[in-house]
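For reference, chains read A, B, C and D in written order, and residue numbers begin at 1 within each chain.
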């Protein structure tokens, strides 16, 4: 590559040093230690430990609760990914199509990206509280259901999913709008001239054209669903009721911080790490397809 | 710019877009963004009331305690301190990440050196190591370094950023080769090249990345919760849950909690709105 | 003032040989154009000259100084890029001075005066405060050239500098570049894929193909005495026609003969060994005319298409199964399906080896000064 | 600057206390009281290495009062709110790991075993002034905190749960406002009457918290765990496969099924409180530490508050559980520092300060002398609701079943019981099955804890 205009290796390493040192000390080393910790049964922040070899893994792989946690995680991710992308795609496309007020709509649609999960969780908890929530009564009146997600697993799952999707819309819309803006105008105009309906245009013209972005978002949303939703769960459902919202990351968090069982939590993080590894592999595969311009 | 203003749209609609199709699009969009804004609008309304114990939408009216609530949250509940700490933390993380990622991206794009791809992979691979995966050992290292309860603990472990390096690399790769070669022909040294050429040519990108990083840093919750035990050092994300705890302890004052929630939301929201254009560009680059 | 000497220069990228053993001397103050189709190695050669690309084998000398492994900054070279390579965030002036300040060999006054001088030569004094975005394509081009001039380089490299301009501007800038070079007399190597540009600009033109130098010569010489079939076909538009013929000796005359071709070849001293061989007969479209048709100067074409060009008409016709082009009068009424006889200009005939493409025969001899320039191979 | 403002905060915080409610920390004995804690008027100072640091889990007005009591001892002390009892436990582990354990830490009695197992603390008996009258501690408190004839940690905030009821709703439902239910069966009867009459949506509410289950076990003189709830060695068995447990949980499930019990959620103290104050539920079970705020809340809402003993599952009442939070001290202190800390503890446990603490927070004083003094002053006559807790405590008999669980995996047991209860009353499992599940996972945890800590 002819961009490589400098060739003093030691200078290159000097430039990389801060990143490498921080990565090694605060990312790689702790990760390696986590693998080690996963071989122990622990108490008290891992200071008291008992060698158990693969015992933690064995426990997890034979635990019915953990199996159901994995299944819930998968189901949750699929619903979140599909839900958030369907809503975001519709919103993005409409924003892309409108001419007046586009900037305002854009801001109104992307702001949840800035929303801290803790804030999102607390606000949702407040407005949807089964007996005290502001909009619980209207929902009960409107849909004829008894809002009681503290004890009903299905409802808890729905509330959590809605909150999680809500917060992620902004992030998706930003990407989708950016991608739509990259589509040459002529392609949409051609479809317009051909009299293709708006829905058809979205599904047949734009969706395929921005599919690399959609694929990328699918991966990012998976990571989001897997990792960045635990604040919601902590505030809204604590994994319950009856484990209905106990996704892997929350189960891990709970084992570590509620039960002081860091060894088991470490084993869970190793398993999660393998799952993310597969996801990252997918992402690299995906990005390879459209990163070749560089 | 603020959230959509209904009357503005009505004006627009009755103006030139009489066509029902456009009306429907606006109607759909408006409903969508309104639904998205609804929870926060409710929070905003509640934050102006005296107690905020509201069980029916009919009670959702602006109250008269807005100033008092926000003042109370900032002073009695230490949000002034938390917000300042969050701000300092986020700023250090953003600036630090940009600085060391710029150096790393400079090396990765513009240097020829052995094991380059390996180094890049090592940096990218850190994406696979989110905080929960390495939490306990991280805690041990940070406390061994004597950083327990300090701003160092909140910031330094976050400085390495695969995302930033990756985005900067993508952006650098989009700078025309000939510009780079011109610099080489002129014998421009790496630091001068970085400062006078790369950084000025990456302003939009850097602004976009900064917003991403700022929001990311600002929204950190788990790590400050564990590594900081002194209130004078605590950040606002933990502050909001402490606030919620406090409110649960006393007589219900949801209005105060919602005021805290709104305050916590404001800085990242302002950053997002102010820098939405470079952000869009940044995300555009990432997709290429 | 500098003479550049390339000796057996080779560049290999992993398994591809981009440039294969080029020997070339660029004379002091000369404007040399490197021309060839894309991928021929011309840009790589230029980049090796600049130091942006390392040299796999061979050496580069400037006068007596060896440059082969020097960093670009140590070569005192300047380069103008196809896309101008202006820093978008700097004003025109800052763009021109940025590199000089890096080099650090100049005082501020020197820089000021050089910029003023270059700006006046290029007529861009009024543009110095503007950023590239506020400049037109042509203006950017001038600034880019200005930047290369202020450093007073020993030699100047240009990589397709006009190809981003529209056709009209390109012609104008071409003329200006010529004028500029006349004024400055800096040794210049100019890369282009456009043979017209090569012909109009170069003191000499070096034609490259597949990593090898095909011929280096003054433009007219290249045109009249192509060293091989590649050069013959690459230089000139439309390209030279070639059609397989038998070289036959009849009486004291030698003829190129095919079904539709019978052309007497003027003796220039080298025909004898060619008799009896099947060779490629080459003649340019403009050297064919209906008026010259005669019994021993005859090329018969089955007209397929006629292309009016306004000032002339181009006729495509089948000759012995090969498509040939003929330049005819603009207002000709010929049309597809007709059979037409053409005659050739006897001074402008060529024979090429069908296998190697090497030129074996030209129907006239080069003049004395041209004779000095032998094919570089 | 931080100091200046913080002084004002303390003063302002005291003012706010009346509006926010003094009972910053409800359910003081239980594992999650600190959830209801906060930062109001918290004194924020830069960390000072020389200061004696006290970590506590008292939010709101109670927190201010703790800070005030600590600072009154010596300016060179630092009292800091650390979040819930679980937060404080995690912070403690963290600080021990970081070698920065504060001198004094408030720990919920449910977590005593885990703190003992860190081996980073020392018995307070070793450092408190020799003239401190341990004998004057309230009997029930002595029974719990004096282990092997020495005081392990300094008891500080102790409370139990009582019943609060809405007299107006009672009247409206045609019930006698002066005859609150005494047993859980009466609770059901009253609740039915209330709901049928339409006086309130629900009969009763309480947060789904293990503390309430512990109360029922203690009142019925039933052990939750073997080995005397852990006070006689490490327990291995959980007693949920008993008729008592089945009856209790069946009662709870039926209350829920019949829409008599308003479920506010797990550890949802505030939701239960607001449901009670809003009139959604006629009765609530809550900590004595909530007296002050419930009283002022009832005044705001305009109904008359009644308080009564915690309803028993049996006709005979044995007693309410004893425990509460106590102050533990670090063993990494030099002698003079240890002496100062000992005096600080004596100061906090003095009659005068315990009276102030009681009156400001609703926790009961730990000193018998203090109780006597309050009685002499007629405090309990004036403050009938404060008296309820006392009378209940004094009516309690101490048996192994009334001593709170002393177990390592306290949080696991707590969550297992709470979540298991929810599974039962929400109907996702039958009572028997749910109790068996609970037993199995608690016993697994008990076994694991012993195994690892013994290693």
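The rule we apply is simple: a contact is a pair of C-beta atoms (placed from the backbone, for glycine too) under 8 Å apart; a residue touches a chain by one contact, two chains touch by 3 or more.
What you see is a predicted model; the values in this text were computed from it and never measured.
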{"item": "Graph distance between chain A and chain B, where chains that touch are linked", "value": "1"}
{"item": "Chain pair with the higher count of C-beta pairs in contact (A-D, B-D)", "value": "B-D"}
{"item": "For chain C paired with chain D, centre-to-centre distance based on mean C-alpha positions, whole Å", "value": "94"}
{"item": "Rounded Å distance, chain B centre to chain D centre (Cα mean)", "value": "39"}
{"item": "Distance from the mean Cα position of chain D to that of chain A, given in whole angstrom", "value": "38"}
{"item": "Between chain B and chain C, centroid-to-centroid distance (C-alpha), Å", "value": "57"}
{"item": "Multi-chain contact sites of chain C, meaning residues that touch two or more partners", "value": "52"}
{"item": "For chain A, residues that touch 2 or more chains besides their own", "value": "2, 5, 45, 131-132, 257"}
{"item": "Per-residue overlap in chain D, given as positions that touch at least 2 other chains", "value": "90, 94, 97, 274, 278"}
{"item": "Residues of chain A touching chain B in the complex", "value": "2-9, 11-13, 15-16, 18-20, 22-23, 25-34, 37, 45-46, 87, 90-91, 94-95, 97-98, 100-101, 103-120, 122-124, 126-127, 131-138, 166, 169, 174-175, 177-179, 181-182, 198, 212-213, 216, 227, 230-231, 235, 249, 252-253, 256-257, 262, 265-266, 269-270, 272-273, 276-277, 280, 284, 290-291, 293-294"}
{"item": "In the complex with chain A, residue positions of chain D that touch it", "value": "86, 90, 93-94, 96-97, 114, 117-118, 256, 262-266, 268, 271, 274-275, 278, 280, 408-409, 411-412, 415, 419, 422-423, 425-426, 428, 445, 448-449, 451-453, 455"}
{"item": "Contacting residues of chain A [partner chain D, same complex]", "value": "41-45, 47-50, 129-132, 148, 150-153, 238, 240-242, 257-261"}
{"item": "Complex contacts: residues of chain C adjacent to chain B", "value": "50-52, 71-74, 77-79, 81-90, 98-100, 102-103, 147, 151, 159"}
{"item": "Residues of chain B touching chain D in the complex", "value": "53, 55, 72, 75-78, 81, 139-140, 143, 148-149, 225-227, 229-233, 239, 242-243, 245-253"}
